[in-house]
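Input: a single structure, listed below in structure tokens.
The chains carry the letters A, B and C, assigned in the order they are written, with residues numbered from 1 in each.
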Amino acid sequence: MRRYNQFEATKGKRAVKDSDHTTTITRADVQHVANLARLALSAEEEERFQHQLSAVFEHFQKLSDLDTEQIPPTAQVIPLTNVMRPDAVEPSLPEQDVLANAPDREGDQFRVRAILEF
Amino acid sequence: MNLNALTIHQAQDLLRRGEISSLQLTEAVLAQIESLDESIHAFVTVTAAEARAQAQAADARLAQDGVAAPPLLGIPAAIKDVVSTKGVRTTCSSRMLEDYVPPYDATVMEKLNAQGIVLVGKTNMDEFAMGSSTEHSAFFTTRNPWDRERVPGGSSGGSAAAVAADQAIFALGSDTGGSIRQPAALCGVVGMKPTYGRVSRYGLVAFASSLDQIGPFTKDVTDCAIVLEAICGHDPRDATSAPNPVPNWPEALKQDVRGLRLGVPREYFGAGIDPEVEQAVRTAIDQLAGLGVAVEDVSLPHTDHALATYYIIAPAEASANLARYDGIRYGYAAQDAETMWDAYSRTRGQGFGSEVKRRILVGTHALSSGYYDAYYLKAQKVRTLIAADFQEAFERVDAIVCPTSATVAFKIGERIDDPISMYLSDLYTLPGNVAGLPGVSQPCGLVQGLPVGLQFIGKPYDESTLLRLAYAYEQVSGKSYKPALSQGAPH
Amino acid sequence: METTVAEKYRTVIGLEFHVQLLTESKMFCRCSAQYAANPPNTVVCPVCLGLPGALPVINEKVIECIVMTGMALNCNIPEFAKFDRKNYPYPDLPKGYQISQYDLPFCVAGSLELDEEDGGRTIGITRVHQEEDTAKSTHVTAPSGERYSLVDFNRSGVPLMEVVTEPDVASPEEAAALGRKLRQIVRYLGISTGNMEDGAMRCDANISVWPADAPTGNIKVEVKNMNSFRAVERALFFEQERQTRILESGADTRVTETRGWVETTGETVSQRIKEAAHDYRYFPEPDLPPLQLTQDWIETVRASLPELPAAKKQRFMAEYDLSAYDAGLLTQSRDLAAYFEAASDRAKNAKAVANWMSRNLLRRLNESDTEITECRISPEALAEMITLIESGEISNRMAQEVFDQMFDTGKSAPAIVKEQGLAQISDESELEGIVAQVIAENPAAVQDFNQGKKRAIGFLVGQVMKATRGKANPGIVNQKLQEQLRQS
């Protein structure tokens, strides 16, 4: 239910008309987006990116010149469908290769900071 | 004769006749890297020892196979550091992957290795292929061999510079918005972006999945056809890989161009183009007309919207593609974090450079709740319009001809702080990526001593026509473009 | 008139199930999907480890599995479907996004009808979509007190089907019944083990309680961590009570949150942890071309569907004249139903088979925790035993003993009967002699009988049985006694 409702809610929120949005990127916008993207930014970066993103999104405004109401979106340019493979197993990576690049490990597992506190 | 200045087809001939060995050829290339790369900085990693071993193996195979040897057997190549090479670190010129050693080869590497190439090194690039100047490398800026104060273009600047400076016989790059063609133009070499789907992306570190393609940098058009044939083909590990058969391009390129129809898009000759660049391109077009190619004006009306479209779609896809860099399985990991989320954010904040962060932010914002329709969906719709522009043009002409870049190589630092002016460097190349079309760039003159790029854009899977046109032009212009290198100058 | 608390409120429940599919290989790579049997991080490859440059390719079996499920749940199967990226960075999600489905899933707008004994209501199925499973993390507290987590990517990329119901479920009991019904269906389809215990099937439930006469508000509590349907029922019951108490207190202080079920304490506890905001930023997966399912293909899959539990149950009632209860019992799994049909075909007495199965076989299977497929009595052997009863070779009473020995040893009924001399004595002349002897030895009982105490015959039958160690055919004994007593 949550996923469904989230899906609806997101859909609803996304239904913003082209003319409804503003292009000004605020410092809070940068912080919000950086948080979504899990990017730690310094105060200096936040400010710089705020200006640069504002200019970039200002430029993107250009697209609202075009009436695209009847135009279907293109996600991929290749005219392919139904690209699948048979359900067959092939060897996996050798174990030593799996962990060779790990910044931190314990035995045969990857080690990370505590994920959840129960 | 400096062996490292040879083209593939010249070297191939000498190798097969036993006049030179792959080891000699490889040593010449390595010597050129040794003597020049301190000032050019084309390479992130030089694999000299492995190269020598591969060259020796190639020589043994050559002795056995003779003329039946694969075309690239024993040929020293440089690979953009965005293509996964098993056992050889693949950094994407990022702090994030500085020590990352892939446990597998990209499909293109498997293909090249099967032919027996000699890998001399991995080349510098804009971090994660985001940029047009190679200034966004986390390690160093690659210099243009024609003028060390200028950029080589980007993001495949290292590969372009390496081929221009004879530090490799050929190179591979990747092109998401012009990242092969624009540096090829700025460094005076041949560079091609094949049709989207022609070359497997398996093992190519993703920037923008619906736009990325791997392609060759070569010293002439014949070599371009040889490498193209070697790397193209269907790959079951890449679901977007085209099932289309691979033509014999080295043969196809020699076909007469008489009667081909060439379209000149008027939108590509507007404001912003350097008049001398325009002049060089128009002269080249006239020479093609002289060969019996029919030239006519065409219009690509949504050209003006391509930049915004591209700079929404590419960062949006990139924001997801780069989410995997979390410091857990590989790559940089911040040490100064307390909690898991802290570790995530710091790893990424410290591991990525400015341009990458900027694009992640742009892409995340364009996809985020409340903005998706206005930016991402809108860009996808305009993408339809841009592709339709080309489709309409191709009903009248067989290929499009235009400059590769509006200017010659610009000065290092000139555009670094102004993202939009940097993004404009790709104005003539990125529409081809948006529409998934093949494009080739080749040198067509010098302006202020710097090479100018001539670009052909073709119909999907019609690389043959592009190669024919490029080859015909190469023959008729009769010029070769070589920078005056301070050391190891060829000829 | 006073309304009770139960009448004052209504409960709104929506369920989400994640079902691991039984494929050979993972969803998007060729690693084995049998991750659990392997040591950590040994069934991983560049794709399911999210290495730079790796690309997904769809496992065709997975598409077949989900479309079959959609059909079993009466869903529409749109001709066009695609995958999307669901963006959320998490250590167990190697790419930082999950390949899932957003607006064009494989199955939409279906329904699932509950059994009569579970209330018989029809619950709406919103959608069934396909996605990939995450890695598995283990939380560790070191002796030093340091806390950290370990991640094993073996499970990463195992195909996962998500079934989302409409918020139509009205009670904890109904939620559990729906879950069991769905499990029965996926097992019938042979596409999942459906085991909650090992996580092959997982259930998240959204529950909210509202005054019966007021519209539904928008507070939702998501309950997680239940690893059995019993736990689903208990957790939702706890939550229903908790929310009702809050509403009864007069102020609705509930918040939308995730609560974890704690089996040991029988409570749900808030799992609100400090996490960065969620905004999944779904967009079409550029690495995977979309799917265009042709009507032909869809019909081929439909034709391959096995008979589903509801239809089988109806057929058993009609064809074998079984009660709804027995038909339900015997169709609870495909193997059990197949066993029943095989035995019935041989025994020609479906009712007897149904009785022996529901009264004896299922009990013994449960007691010994044995699957029907591992049962030592084959359907043919059960049929043979029933034939022995019908031909009068063994009595029903003896058959109990024979059945138990068959179950324990796997020997056939005739073999057991022969070995232990259990054959019923139906020989009339032999029985006549024994009856005569019993009459001669029990004059008091004969006198009672003659004086009208008809019950005395029971005593005499018992004496005959005793004399034959229970092997006398009771019908014939009765008949012979009547005859001889009348004559005497």
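Everything that follows uses one rule, which is that contacts are C-beta pairs under 8 Å (C-beta built on N, C-alpha and C of every residue); 3 or more make two chains touch, one makes a residue touch a chain.
Nothing here was measured: the structure is a model prediction, and the numbers come from that model.
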Of the chains shown, whose Cα mean is nearest the mean of all protein Cα atoms?
A
Could you compare the number of C-beta pairs in contact for A-B with that for B-C and name the larger?
A-B
Centre to centre, using CA atoms, which chain is the farthest one from subunit A?
C
Please work out the Cα centroid separation of subunit A and subunit C, and write it as a whole number of Å.
40
Centroid distance [mean C-alpha coordinates] between subunit B and subunit A, Å
26
Using the average of all C-alpha atoms in each chain as its centre, how far is it in Å between subunit B and subunit C?
57
Got the subunit B residues that touch at least 2 other chains?
100, 103-104, 210, 236, 239-240, 319, 323, 326, 328-330, 340-341, 344, 364, 368-369, 372
If I count partner chains per residue in subunit A, which residues reach a count of at least 2?
10, 32, 36, 38, 75-76, 78, 80, 83, 85, 93, 98, 110, 112-115
Do you know which subunit C residues sit against two or more other chains?
46, 49, 57-58, 89, 91, 149, 151, 153, 276, 279, 281, 283, 286, 288-289
For a test of understanding, state which residues of subunit B touch subunit C in their complex under the given definition.
83-84, 90, 92, 97, 100, 102-104, 106, 201-206, 208-210, 236-240, 316-317, 319-320, 322-326, 328-330, 340-341, 344, 364, 367-369, 372, 376
If you look only at subunit A, which of its residues touch subunit C in the complex?
1-7, 10-11, 32, 35-36, 38, 75-76, 78, 80-90, 92-93, 95, 98-99, 106-118
Mind pulling up the subunit C residues that touch subunit B in the complex?
46, 49-58, 85, 87, 89, 91, 94-97, 149, 151, 153, 274-276, 279, 281, 283, 286-289
Along subunit C, where are the residues that touch subunit A in the complex?
13-16, 23-25, 30-32, 39-46, 49, 57-63, 82, 89, 91-92, 102-103, 126-127, 137-139, 147-153, 162, 164-165, 167, 204-206, 220, 222, 260, 273, 276-277, 279-284, 286, 288-293
Residue numbers on subunit B that touch subunit A, as the complex places them
99-101, 103-104, 196-197, 210, 236, 239-240, 242, 302, 304-305, 307-309, 311-312, 319, 323, 326-333, 337-346, 348-350, 352, 354, 357-358, 360-362, 364-366, 368-375, 377-385, 387, 419-420, 434-436, 460
